[in-house]
Amino acid sequence: MDTFKLEQARSWILTAAAALEKNSALLCDLDAAIGDGDHGANMARGFSAVVKKMETNPPADIGALFKSVGMTLLSTVGGAAGPLYGGFFLELGKQTVGKQELDAAMLVSILEAGLADIKRRGKAELGDKTIVDALTPAIETMKGAGSDVAAATRAAAETARDAAVKTIPLLARKGRASYLGERSIGHQDPGATSTALLMESLAEVSAKA
Amino acid sequence: MDTFKLEQARSWILTAAAALEKNSALLCDLDAAIGDGDHGANMARGFSAVVKKMETNPPADIGALFKSVGMTLLSTVGGAAGPLYGGFFLELGKQTVGKQELDAAMLVSILEAGLADIKRRGKAELGDKTIVDALTPAIETMKGAGSDVAAATRAAAETARDAAVKTIPLLARKGRASYLGERSIGHQDPGATSTALLMESLAEVSAKA
Amino acid sequence: MKKLINSPENVVREELEGIQLAHGDIVRVSFDPFYVARKDAPIKGKVGLVSGGGSGHEPMHGGFVGLGMLDAACPGHVFTSPTPDQMFEASKAVNGGAGILHIVKNYTGDVMNFDLAADMLREEKIDVASVLTDDDVAVQDSLYTAGRRGVGLTVLMEKLLGAAAEKGMDLAQLKALGDSIRATGRSMGMALTPCTVPHAGKPSFELGENEMEVGIGIHGEPGRKRVSLASADEITQMLMEPILSDLPFKSGESIILFVNGMGGTPLIELYIVYRRAAQIAEKHGLKIVRNLVGSYITSLEMAGTSITVLRANDNLISLWDAPVKTAGLRWGI
Amino acid sequence: MKKLINSPENVVREELEGIQLAHGDIVRVSFDPFYVARKDAPIKGKVGLVSGGGSGHEPMHGGFVGLGMLDAACPGHVFTSPTPDQMFEASKAVNGGAGILHIVKNYTGDVMNFDLAADMLREEKIDVASVLTDDDVAVQDSLYTAGRRGVGLTVLMEKLLGAAAEKGMDLAQLKALGDSIRATGRSMGMALTPCTVPHAGKPSFELGENEMEVGIGIHGEPGRKRVSLASADEITQMLMEPILSDLPFKSGESIILFVNGMGGTPLIELYIVYRRAAQIAEKHGLKIVRNLVGSYITSLEMAGTSITVLRANDNLISLWDAPVKTAGLRWGI
C-alpha cells in the first residue's frame, strides 16, 4: 500500500475507538497502579464521542477528520490525556488540511508534528514514562521502514508495543505517576499503552487496504 | 448461712465487678445483636468505678455500701443500664440504712424493692425481654427457698441464669431491642444476662460464708 | 479497626480537647464531668437549651452549641447515653434564671438519665422542661413499647428551638413549640455498611457486599430489614414513602427537607439522594421551603443516609433563617 | 461497590441536579457544558474567580461557589480534570468585565486544560490570569517533574481570594495575593482505606487491615509510602513534621490550621487529629489564629485525613473572617 486514504483514516479512528473500549479496564488498572485509575475510561469516553460525531458529521477530508477528532477529544477526555491526544490530533489536522490521502513519508511527518505538540504541551522528554516514550520510537521505526504504509505502520506498531512495555522500569517524571517517586518503578505507563493501541489500530487498517 | 453480712455485701460487689469485667465482651456481643453493643462496656466501666470508690472510701454499713454503689453506677454507666441498676442499688441502700447484716427474708424483700424501682423507672413488664425477666423469677425462687442464705441465693442464681436464656424467644418491647421488632426474637437479652451474673456473684459470696 | 484514634478509652476526652482547641471562641469544655457549654453562658433571662447523648454522632450535639442553638451538650461514651451528673452540671452552668429545656432523643437510657437530672435540678429550684424527639418511622410505635427513636429531627429541633430561645421565648412556649415540631417531623435511615464502636473493635453487624440495612438508627444497631443493594433512587423511595405516608404529609404543604449522611458517606452521594428526595416531595405536592444536606447526625463511620421531613410554616422558616454560630451549623453571623 | 448512586455514568450529572435543587438560592447549574455558577454572576466590575477539577472532592469546588468565594466551578468526571470548553463557558458566564482568575490545582491535566481555556478566553479579549496550588509536601519537587500536587491549600485559597475579589481587588493584585498564599501554605495527607471510583467499581488500591498510606493525594492514588497502622497522635506527627519543616514555619509565626477529612472519616476522629496538630503547632512556637476542621476536600469515601498549614497575617485573617455564603462554607451572612 502506497498511500493512506481518507477511508483508512476514518477506519483508524473507528478501530482505535473499539480497541480503547475493549482495553478500557486494562488502561484503568494500569493507571490505578501509578495514577488515578481513569485513563481507560477517559480514552473510551473520548473516542466514543468521536465515533458519534463522525457518524452524524462525516468529514470530507483527512484534515477535517483529524481536526474534528482533536476538538472532540479536547472536550470529552479531560485529565492529562485530553489536551495531549486532543492537541495531537488537532496538529495532525493542521498538517493535512484538504488532503484525501497521504504517502508514508507524509504520515511520518504529520506524526512527528503531533509528537512535537505533545512534547511542547506536556514538557515530557524521552524516558519520563509517558506517551512520548511510545510515540517517539514508533515514529523512528516508521521513518526507517520504507514507503509501504502497511509495512511501516506494522513495524511502528510493534515498536510502540515494545516501548510501552519498556516503560515498566522507568521512574516517572511527568504526570501523576511522578508523585509516586520510586514507587512508580515497576509499572507500565497507561498513556504509553494507549499510544501503542493507537499505533496497532493504524497498522491494522493500513494492512487491510 | 443465716445472715448476709456487710463483708459479704462488699464481696458481692467485688465478685460481680470481676464477673462483669470477664464477661464484658460477651455482654457487648449480645447487645450488638439486638441493641447498640455497649452493655458489657457500660457495666464493666461502672463496676470498676464502684470498686475504686470502695477502696478509697470503705462504707461502714450495708446501706451506705449500696447507696455508694448506686450513686457511682448512676454517674458512670450511662445508657439504660445506668439508671436501672443505679436506681436498683440506691433502693437497696434505702432499705438497709445502718444495717450490718440481713437475713434471707430481708434479702428477698430488699431485692423486691429494687425490682420495683426498676419496673417503675423502666415500665417494663415480665416478658418484655429485659432485666425484669431475670430478676423477677430469681426473687420468686429465693422466696420459696427457705432461710439459708447460701441455698436461697444459689437457687436464685440458677433461676436467673435459666431465665436469661429464656429471653431468647421473646419479642422485645422495651429498650433498644424493641426497635428491631420481630428481629429481636432469637437473641438473649444482655440486661437479663448481666442480672444473672449479679445473682451468680451473690450466690458465690454467700456460699463462702 | 481503622480509626484515627489513640485508644478507645480516650476517644471522647481527646475529641473534647480537640473541640476546645478548635472552637474556644464559641464554647468552653468541662472535663469533669464532660460537657460542652456556650462560652458566653449563662445568658441572663434566656432559657438554657441542653441536649446530649452518646458520642459518635458528631457534629451532634457538641457541634451545635453556640449562639442560636444549644447552650450546652453532654457527650456520653460512644453510643452510650450520658449520665445525670453531666446533665445536672451542664444545666446549672448555663442556667440564666429562665429555666432549662432538655432536648432528649427518645431512647430508654437518654430519657431515664435526663429524668434523673431534671429531678436533681428541681431539687435546686431550677425550672426544667423537656422535649422529646421520636421521629424514626422505621420503628413501630405502640403503647407497650419504648416508642420510636429520636434521629434526624433532633438537628432541626435544636436549630429551631435555639433560635426561639435566642429570641426570648419562655420555657413553656419553647416546650410547646418543641412538642409541635416533634409532632410534625418524620425520619428514616439506611446503612450500606456497619460501623465499629472503638471499644468493641469490630463492626456492629455484618453486611454482605450486596446487602443493605433499611430502617437503621444512629447507634450501629441493625435496622428493621436487610435487603438487596439498590440504586440511590430506589433507596430514596424506600425512605421517603414511609416518611410521607406516616404523618401523613399532604399535598400543598411546605416542608424542610434534610438529607443526612451517616458519617462515612461522601457529599457527592448525598446530593444524588437529595435530588431524588426533592423530586419525590415535589411529585407529592410538597413545597420545599428550606433544606439541609450533609452529615450532621452520624453513626461513626457508617456509610448510609437518613432523610428527615418537617412540616414548615412562616414561623419555623424565620426561626430556621435566624443567625446561628456553632461549629457544625453557621449562618447569618 | 456500595454507593448511593444510580449508575457510574450519571454520578456527576445527578449530583449537579441535586446541587441545583438544594442550593438554587446561591448557584445556578449549567448542564451543557457542566459548571456551577453564582446565581448573581456576572458581577459588574468584580474579577470572576473560576476553579474546577475532577469530581469526587465535594464540597470542593461546586460547594464553594457563592458570595465571598468562587464565581464558578467546573466539575470533571470523577477524579478527571474538566475540559477547556467547560472552563471557557463558565468563565464567560461569570465575566463581569474585570477579568477572570483561574484557581488551578497543579496536576498536568488541570494545568493543560485551564491553559487551553485561557487561550480561548484571550481570543475573546477577556483578561485571564491563573493561580496554582501545589502545596503537597509528600511530593518531591524538582525542575524535571510535574511538581507538587495541589491539595488542601486550595480550599483556603478559594476562601481568601474570594473575599479579596469581593472587596474589589483587581486581577493583578489577586494573582499576586494568590501567589503569596501559594508560597506560604503546605499540606500533607494520609489514608486508612482506599476509595472506589464509580466506573472502576473496585478500590483504587488494596490496603491490609494493619496498613495505611502516607503522603496520599486526593485522587485515590497510592501515597509515597505504605506503613503500619499507627495512633492518631503518631499519624498527626507524621503529617505535621514534614509540613512544618518544609517551608519552614518558624517559631513566633501565626498560622491558619486546617484539618481535613477525606470523605469517609467522621468528625469525631478529625477532632482527635486537630487536638494533636494544635499541640504540635504550639510546641513549635506557632500561633493558631484561625482554623478549619471538617471534610472540605475529599477523595470520595476514602477514610483518612490531611493537614494544611498556612502562614497568616492580619490581611489574611480579615479576608478569612469576611462573609462567605456557599453550600460548603458559610459565615458572616
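Letters A, B, C and D mark the chains as written, and numbering starts fresh at 1 in each.
Convention: contacts are C-beta pairs under 8 Å (C-beta built on N, C-alpha and C of every residue); 3 or more make two chains touch, one makes a residue touch a chain.
Model, not experiment: these values are computed from the prediction.
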{"item": "Reaching subunit C from subunit A through chains that touch each other, fewest steps", "value": "2"}
{"item": "Interchain centroid distance [CA atoms averaged], subunit B/subunit D, Å", "value": "54"}
{"item": "Subunit A and subunit B, separation of their C-alpha mean positions in angstrom", "value": "75"}
{"item": "Gap in Å, rounded to a whole number, between the CA centres of subunit C and subunit B", "value": "32"}
{"item": "CA centroid of subunit C to CA centroid of subunit D, Å", "value": "29"}
{"item": "For subunit A, residues contacting two or more additional chains", "value": "none"}
{"item": "In subunit C, residues with contacts to at least two other chains", "value": "none"}
{"item": "Chain contact topology (line, ring, star, complete or other)", "value": "line"}
{"item": "Complete list of chain pairs which touch one another", "value": "A-D, B-C, C-D"}
{"item": "Subunit D residues touching subunit A - in the complex, by the definition given at the top", "value": "33, 54, 76-85, 107-109, 112-113, 115-116, 136, 138-140, 144-146, 149, 197, 199-200, 204-205, 217, 219-222, 224-225"}
{"item": "For the subunit B and subunit C complex, residues of the former touching the latter", "value": "28, 32-38, 41-42, 45, 74-84, 121-122, 173-176, 178-181, 183"}
{"item": "Footprint of subunit C on subunit D - complex, ascending", "value": "2-7, 11, 14-19, 21-22, 55-56, 58-59, 63, 192-193, 209, 212, 229, 231-233, 235, 263-275, 278-279, 288, 291, 293, 295, 298, 300-301, 303-305, 325, 327, 330-333"}
